Amino acid sequence: MRLALAVHGAPYASQSSASALRFARAAVAGGHEIPRVFFYHDGVQAASAIAVAPQDEPSPLDGWVALAAEHDMELAVCIAASLKRGVVNEEERARYSLSAANVHPSFAVVGLGQLIDAVMQADRLVTFAA
Amino acid sequence: MRLALAVHGAPYASQSSASALRFARAAVAGGHEIPRVFFYHDGVQAASAIAVAPQDEPSPLDGWVALAAEHDMELAVCIAASLKRGVVNEEERARYSLSAANVHPSFAVVGLGQLIDAVMQADRLVTFAA
Amino acid sequence: MAPRRILFLLRQPPYATSHALEALEAVLVAGVFDQVVSVLFADDGVWQLLRDQDGDAVGMRTVGRVATALPQYDVNDIYVCGESLRRLGLSPDDLVLPVTLLDGAGQQALIAGQHAVVSD
Amino acid sequence: MAPRRILFLLRQPPYATSHALEALEAVLVAGVFDQVVSVLFADDGVWQLLRDQDGDAVGMRTVGRVATALPQYDVNDIYVCGESLRRLGLSPDDLVLPVTLLDGAGQQALIAGQHAVVSD
Amino acid sequence: MATLHLVNHARALPACLERAGADDAVLLLEDGVYAAAAPLPRAVYVLAADVRARGLGARLPSEAAVIDDAGFVDLVVAHQPVVTWR
Amino acid sequence: MATLHLVNHARALPACLERAGADDAVLLLEDGVYAAAAPLPRAVYVLAADVRARGLGARLPSEAAVIDDAGFVDLVVAHQPVVTWR
């Protein structure tokens, strides 16, 4: 089955990203497809390439990057939600003349329409709220 | 009177930073000193130099930067809280070999002891919770 | 592909976070995708529809004004939980939009008929 | 300068956010500053002290284990709201630390005697 | 197909139950599992990882069935839509 | 000196009132102001900016005194400690 996930909470402010990651691992282990994980609201913080997890805790970023590399899974960050929260890729950095970009290359910065597209393409939408 | 502020919520996830900024403006207008604003928990996101506010909303960052420039006010970001949330200065970027740094130069990245120091130095602590 | 039935379940109050505003933006986007879109305001989400809001006071867009744009984006199935409205001490006249009130069973049926429900 | 009386008011449950863990870290730091530090666990914050937690299950440090370090950092005034404990269905034996129970009036007096209160 | 309700804060359980049908499934996860430390008005599922993290394993009533992440996936596959209450 | 209680979510008001003295001041701000849309058991202050944003101005009971940001500062100066309930 094709399952779309939505992640709405930031790491450390919410379990949203961590719960979604465990669910995604279990789903692909069970033979399901996750064509897209849509990071919205504060969930966009999961895409930060410059977060350093505490030594005794697993890195949420590493988990997503590894899972997406093994499976055909788009990690999609909403551009409107991410820009105001300081989660920007190189294209936006240049466009707004910002001092840095911080989106990890495994994440795609996309429009909000991709959330609706994910709902249209998938058999289920599972939202991990803040 | 000397007032220390603590900001615990991230912009857009919480009014914490916006409420604290309005309070700080009113306090200095009333002749009070704010020696330090301590950004802790998710509040550290306020220090991001690469957040772009929506066109029709004021930038939380610009507000803090302008206020701190006019008054003797330290904008202090807790290093332990900020590192795991991807809010890092140039020193941490180099130390952890990260791809970018994003702390605005008006903010100082400090240890958690500076929260206790602020409480010791100030007449009041006002916490703006998430 | 047959259009999907998508419900937006909006339960958050409008200003403490950006979730309400961003969820409404998602509804407006959904409105242009030719799907069967409906919206249910429930619990504290009903506060999003109260008249006389002024987001400028706290540096945010006025959420009630964004909500009034729903019909312009072809979103016309706008429901409010009647019990939530009553609990908040409000009546339909207090709201920025004409809405359809639903009781618990009505909301249950609305949810049960969806392909997907997006929460805020 | 005379030492300050600082109370940490801990009301958040331990794993959905990092607030509980980070607030405890602030208490530990305060413990080395030679101030008069006390801690009050109230409402859902009492869950931080429940035995048999295992943060590894959700990729976080075990909050109850951090709390047991309080006395090693010279933080010995550890209070729990008795009514919150009762509401959660817990008894003092369920907690990872020996604590002093306070009723509402006791908590009010504790708060009133502080120079500063840090919330989580 | 019946609905699956996800409840990730205990305070949201009443809002969920007001709109849940008798045949629907309810899964408590994250801070939602604390709702299973109080009397429950109906059968629910609770997510194992969140129960274990919080030390609630020995305190669950018979109305709460513990499932792991694979069981969560199975519930999603067997229900539509999936609704989150926070 | 009496305590100032800040309540920034309506759901936190009961927790505050359980531990607030009769002489303490209570200020509702942010989503805390919604608590003033229901009957209030005691006099409280409410923050003007948050009331105005939410459109609650005409709905406040007589127990709620509206103050602006300068009034908030005055309350902080006149009370110690300042306690936040969320």
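All chains are identified by letter, namely A, B, C, D, E and F, in their written order; residue positions are counted from 1 within each chain.
One rule holds for everything that comes next: a contact is a pair of C-beta atoms (placed from the backbone, for glycine too) under 8 Å apart; a residue touches a chain by one contact, two chains touch by 3 or more.
Nothing here was measured: the structure is a model prediction, and the numbers come from that model.
Engineer: Please state, in steps, how far chain F lies from chain B along the shortest route of touching chains.
Structural biologist: The fewest steps needed to get from chain B to chain F is 1.
Engineer: List every chain that touches both chain D and chain E.
Structural biologist: Touching chain D as well as chain E, we find A.
Engineer: Which two chains does the highest number of contacting C-beta pairs join?
Structural biologist: Highest contact count among chain pairs: A-B.
Engineer: Based on mean C-alpha positions, I'd like to know which chain lies farthest from chain C.
Structural biologist: D
Engineer: Report, in whole Å, the distance between the mean C-alpha point of chain B and the mean C-alpha point of chain D.
Structural biologist: Whole-Å distance between the two chain centres: 25.
Engineer: Could you tell me the distance, in whole angstrom, between the mean C-alpha positions of chain A and chain F?
Structural biologist: Roughly 38 Å separates the two chain centres.
Engineer: Go ahead and note the Å separation of the Cα centroids belonging to chain A and chain B.
Structural biologist: Distance between chain centres, rounded to whole Å: 26 Å.
Engineer: Of all residues in chain A, which are in touch with two or more distinct other chains?
Structural biologist: 12-13, 15, 19, 41, 54, 80, 84, 124-125, 127, 129-130
Engineer: Among the residues of chain D, which ones contact at least 2 other chains?
Structural biologist: Those would be 15-18, 58, 60, 115-117, 119.
Engineer: Name the residues of chain E that each touch 2 or more other chains.
Structural biologist: Only 8, 30, 49-50, 80-82, 84-86 qualify.
Engineer: Under the stated touch criterion, can you name all the chain pairs that qualify?
Structural biologist: In this structure, the chains touch in these pairs: A-B, A-C, A-D, A-E, B-C, B-D, B-F, C-E, C-F, D-E, D-F.
Engineer: Quick check: in the complex, which residue numbers of chain A touch chain C?
Structural biologist: That would be residues 6, 8, 40-41, 80-81, 84, 111-113, 115-117, 119-120, 124-125, 127, 129-130 of chain A.
Engineer: Quick one: in the complex, what on chain D touches chain F?
Structural biologist: 7, 9, 11, 42-43, 83, 104, 107-108, 111-112, 114-117, 119
Engineer: Which positions of chain F touch chain D when the two form their complex?
Structural biologist: Contacts found on chain F: 2-3, 15, 18-21, 80-86.
Engineer: Which residues of chain D touch chain A in the complex?
Structural biologist: 15-18, 58-61
Engineer: In their complex, what parts of chain B are in touch with chain F?
Structural biologist: The contact residues of chain B facing chain F are 1, 3, 15-16, 19, 22-23, 25-27, 29-30, 32, 123-130.
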